[in-house]
């Protein structure tokens, strides 16, 4: 049994973890913290949890939260919170997993570049910890995660793009110049805070692109693809929002090198992911949509080439709140504490 | 361990059962049947199940299906199917649970009246079995279900209305004449078969009432309420469809007898359901919506009186595919086979 | 040609009026005011208007707005604004039409009761004007509107309920005690301001009731029905929100007096509304849904009785932003200035 | 005054034309035909039209339809119908405008290739007419349309892609090899016929790509771009469906030639379209979404370059049922009969 404290429990990322842990046989929540509604049971804020999880919401600075037993602390918080909390939690002998960009980069300079894109303070509060932080994309960094104290969970768009492109750039199946990531997301990816753009009457029957001049997830995509390729990779990234709650579909394009065709791509992807429980590889003739992964920790890759035009085309489907967030986090916790990687995650979502 | 065969596996009701059983520790699916895609794995038809449930779809008439070991057969099929299948399954020593109206009534005459409303053949094919059939609303018929061979699972609208009105009619908290059931449902209640009315462009941003001249669920509502009241009860029923997938909200109205007020109603409902794991009773000041029960086997009742006008008002919320269908079915199976009533069902849905 | 100044131009009610006036041959917008984005063209705030309406947003207190020529000022503003603006506009020789509750009541006492329900200041700022204010439901108050200086446009739920019930209470087709208004609305009725409850991920696939302890529209419904009935009428009102943008469906119930049946109700409604261009009366066998009125100034009434149970049942469908708001307002302006009542309004919406 | 007969009146494309013509001062509908519900008023099939358009549905083969006066016949029909009807209509001295692919190509060979992609009969029934057919994209073929007898209205995806790419390929702002059209559509683009994939419960909260091995609109996109470029252009086309009713957003990518940057692209597009009433050009810093064009005949182009990666990126937004279908058709009719190009089309849609 492994015990977990959760900071940022009342956001969608926190709820996702609570939902999974309620069914997980070995990971147990011991304390929740948030910044609002302190003292109330979480089921008061989210009535759907009533009778299933009624833990009180604590102040993360309170002695109660500090003293709650835990082997690991999870911060499902916006950028800037985990970097302040991590040193204390690590010093208390706990591991630390953070959902934000706080520990996705290994140097203060890269973090500063990331933070600037978000309009956040570029000075990292725990720069000494950055070198040991591990990027928590299980399929690519399983071994480092297993021994990590400190894990930075990946961004949701990044999960879809990296899983969809890494085998290709690593094996020379796509030219590294001119890659396009055309990425559509449901709205839960923007979190629970209301905004004009996500007000129901403004958002239904409406889609659009945003942050065309630079989305924060580009950096981790390019870093991971460059690592896989062994050379510098840059991508054009077009984040888009569609009127759905859950789901990311990323269409990934690039130029086919001479001699590469659809069959070689399918074969390479199937081989790369043959031991990965959560990756499904399909070819262009098999139908696929985000409902195939909704509510599950799956990433479904439709892998193809448009040989007529000489283009590489992979379509990556995930549930942004599961494989894109809480599911990946639990997968990482399983790895960090020696449980089977799919424990508590080996289930489909509910349809329809 | 109890083994289950499922007929009608590829409809929404069948999927709901498969999803629950995948996580249930004691109930195990051994065979699936449907009328289309025979021979293919169910995950071919529903790719979201790939790797989670890949059982082949069998012909219900095939020897393979007949010989599959099972303690109980579940028919998640339209009216008319279960009444043909039940005798053989019972003769083979299995229990039988049916989702349709085939076994909700205890006489051929009542069934004929029901079938006529649906435009179905009014001649029941197993009239001898009707007397022993038990109406599978666990909260009202727990003891009979425990010893039943043959259970007729209730209709989704009926679940919401009966749970919302039974304590009141039983305890004289509402006049039995003039009860109104104003019932709104998401579209999954209509099943997976496409129709003009549920084509996405016709259904989004659109709500309407239907079958104003007589919905088939009225009969079981009136039968159960009459049983609870000890006198004949008739209701005005207005079925409506709203642009959602999952959820039923039934607003239930009637006249307040002299001396009854909101507080007495709340107290009575809390007392009636105090041992029912899946019923939540709230008063009119507590916010409630169908998202509080989405994906769970809960029924949430907002219980109140409008004392200014002398009206009784209860609002009943369920997920039509869980408490309104597969969840109730598994709850019944738990009771029929001696497991804790909430086994495999004691979880919230996923939000948002 | 009649000229119009519009205060509160950037809300949904203001947009609705702009859209209609862009196609109206005789009513012309001369100036817009709002409290934000002053100085910018309205098409900067609402890009869909670019090239169609690019009038600058003015400060309602500015000399430019005061001096803009206008025969009438329309306040599409929250409660509390029109009552401050009206005296000046009337003094300048203009008529005044207000969307809020500010001029729906003819005494400070009634206004105070209304304002208290909304948690607003109960002291009306122009109590002297209340006696002359006319309730702007064209079908019931056509003659008074024609000669009015000051019109209070009705609430959206109220339009649906009053049009659906007035003929019945006036003609003794329903008992005046025990009337139920079960009212479902799309979300645009709540305006453009974002809130947690109307954040897309919280609102999609979710419905619920609210303000069960007293909605502000009940007062005007009861006042108008009492006027029609010639006796005091009270109603039980259940406001509900469903995941749509546009549309109200109100199911209206009551007890049938002896001797009244469905046919007499249909006949009475058809006769009552025979000269009303915007009212459609159908019987219970004719399908109806809010998409039949979406985008139009229609009110569609499905008129029936459930003779088996002795209940009266009318279902009223409107577009909350048209007949429930801007359409009714333009209909009133047409009447106030002597144009054909349907001028600029005689069109269906766009489907689907 | 110009008179119009409409074949295929009850589909979404027919409804779109009826809606526009109801407000058009010079184009008048004289007769409607469809294959079902013959003899009934169209408002029986589509009740939202009741009182606005109650023309009877005729059989296109009936004498009544043949004799109805008309200057032009519009076929809002699936592929294969217009090619049979056109000769008779032209022989009767009428012009002919067809919505399908029947007259988008000028040779039987090209038509056969197109029809094969759709699984339709590749033998064109009026091959002699193909040479004179004009492709009805007003902005590119205004002069030919003005003198045409026979116009093939463009496909909805094609409108978005061609308007978004033609200026670039014509002016050397993008390399002609390696162009990607990543195209998302609302569901109304698939027409009114129900299907499993567009059944509300299957389609809400779900997006996916389809026909990855060859969509029929690719051909007209490549033909028009090749004409504009003066060389052969091929594109990779990824059609996708998102849970909306109306709207197309096409993200168009390619490589930037040396010396081209964002500013030069914006300038070229603004100059190209400076006299086109329905084209809006914005840069990457200006927010844009499909709601900006919903219900209007606009095409909104967000024009940019990702100079960091050397990629050209244009995002094209239209309403698939207006600029993508009926709006373009009316724009063509205006041109064909000498009316101002924006007559009857110069209005925004309704928001929200």
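Every chain is named by a letter (A, B, C and D) in the order it is written, and numbering of its residues begins at 1.
Basically, a contact is a pair of C-beta atoms (placed from the backbone, for glycine too) under 8 Å apart; a residue touches a chain by one contact, two chains touch by 3 or more.
Please read these numbers as outputs of a predicted model, since none were measured by experiment.
Engineer: Applying the document's contact definition, name the chain pair with more C-beta pairs in contact, A-D or A-B.
Structural biologist: Answer to which pair has more contacts is A-D.
Engineer: Farthest chain from chain C, comparing Cα centres?
Structural biologist: Taking each chain's C-alpha mean as its centre, the farthest from chain C is A.
Engineer: State, to the nearest whole Å, the distance from the C-alpha centre of chain A to the C-alpha centre of chain C.
Structural biologist: That pair's centroid distance is 46 Å.
Engineer: For chain A and chain D, let me know how many angstrom lie between their CA-based centres, rounded off.
Structural biologist: 39
Engineer: Please tell me the distance, in whole Å, between the geometric centres of chain A and chain B computed from their C-alpha atoms.
Structural biologist: Between these chains, centre-to-centre, one finds 37 Å.
Engineer: Give the residues of chain B that touch two or more other chains, as numbers and ranges in rising order.
Structural biologist: 12, 186, 188, 201-202, 204-205, 243-246, 287-288, 291, 294, 352
Engineer: How about chain B: which of its residues touch chain C in the complex?
Structural biologist: 177-178, 180, 182, 184, 186, 201-202, 204-210, 212-213, 234-236, 238, 240, 242-247, 249, 251, 253, 255, 284-285, 287-291, 294, 302, 304, 306, 308-311, 313, 315, 317, 352
Engineer: So in the complex, which bits of chain A are touching chain C?
Structural biologist: Going through chain A, the ones touching chain C are 12, 186-188, 192-196, 198-205, 243-245.
Engineer: So in the complex, which bits of chain C are touching chain D?
Structural biologist: Contacts found on chain C: 12, 15-16, 19, 22-23, 46-53, 188, 204-205, 245-246, 277, 280, 287-288, 291-296, 321, 346-352.
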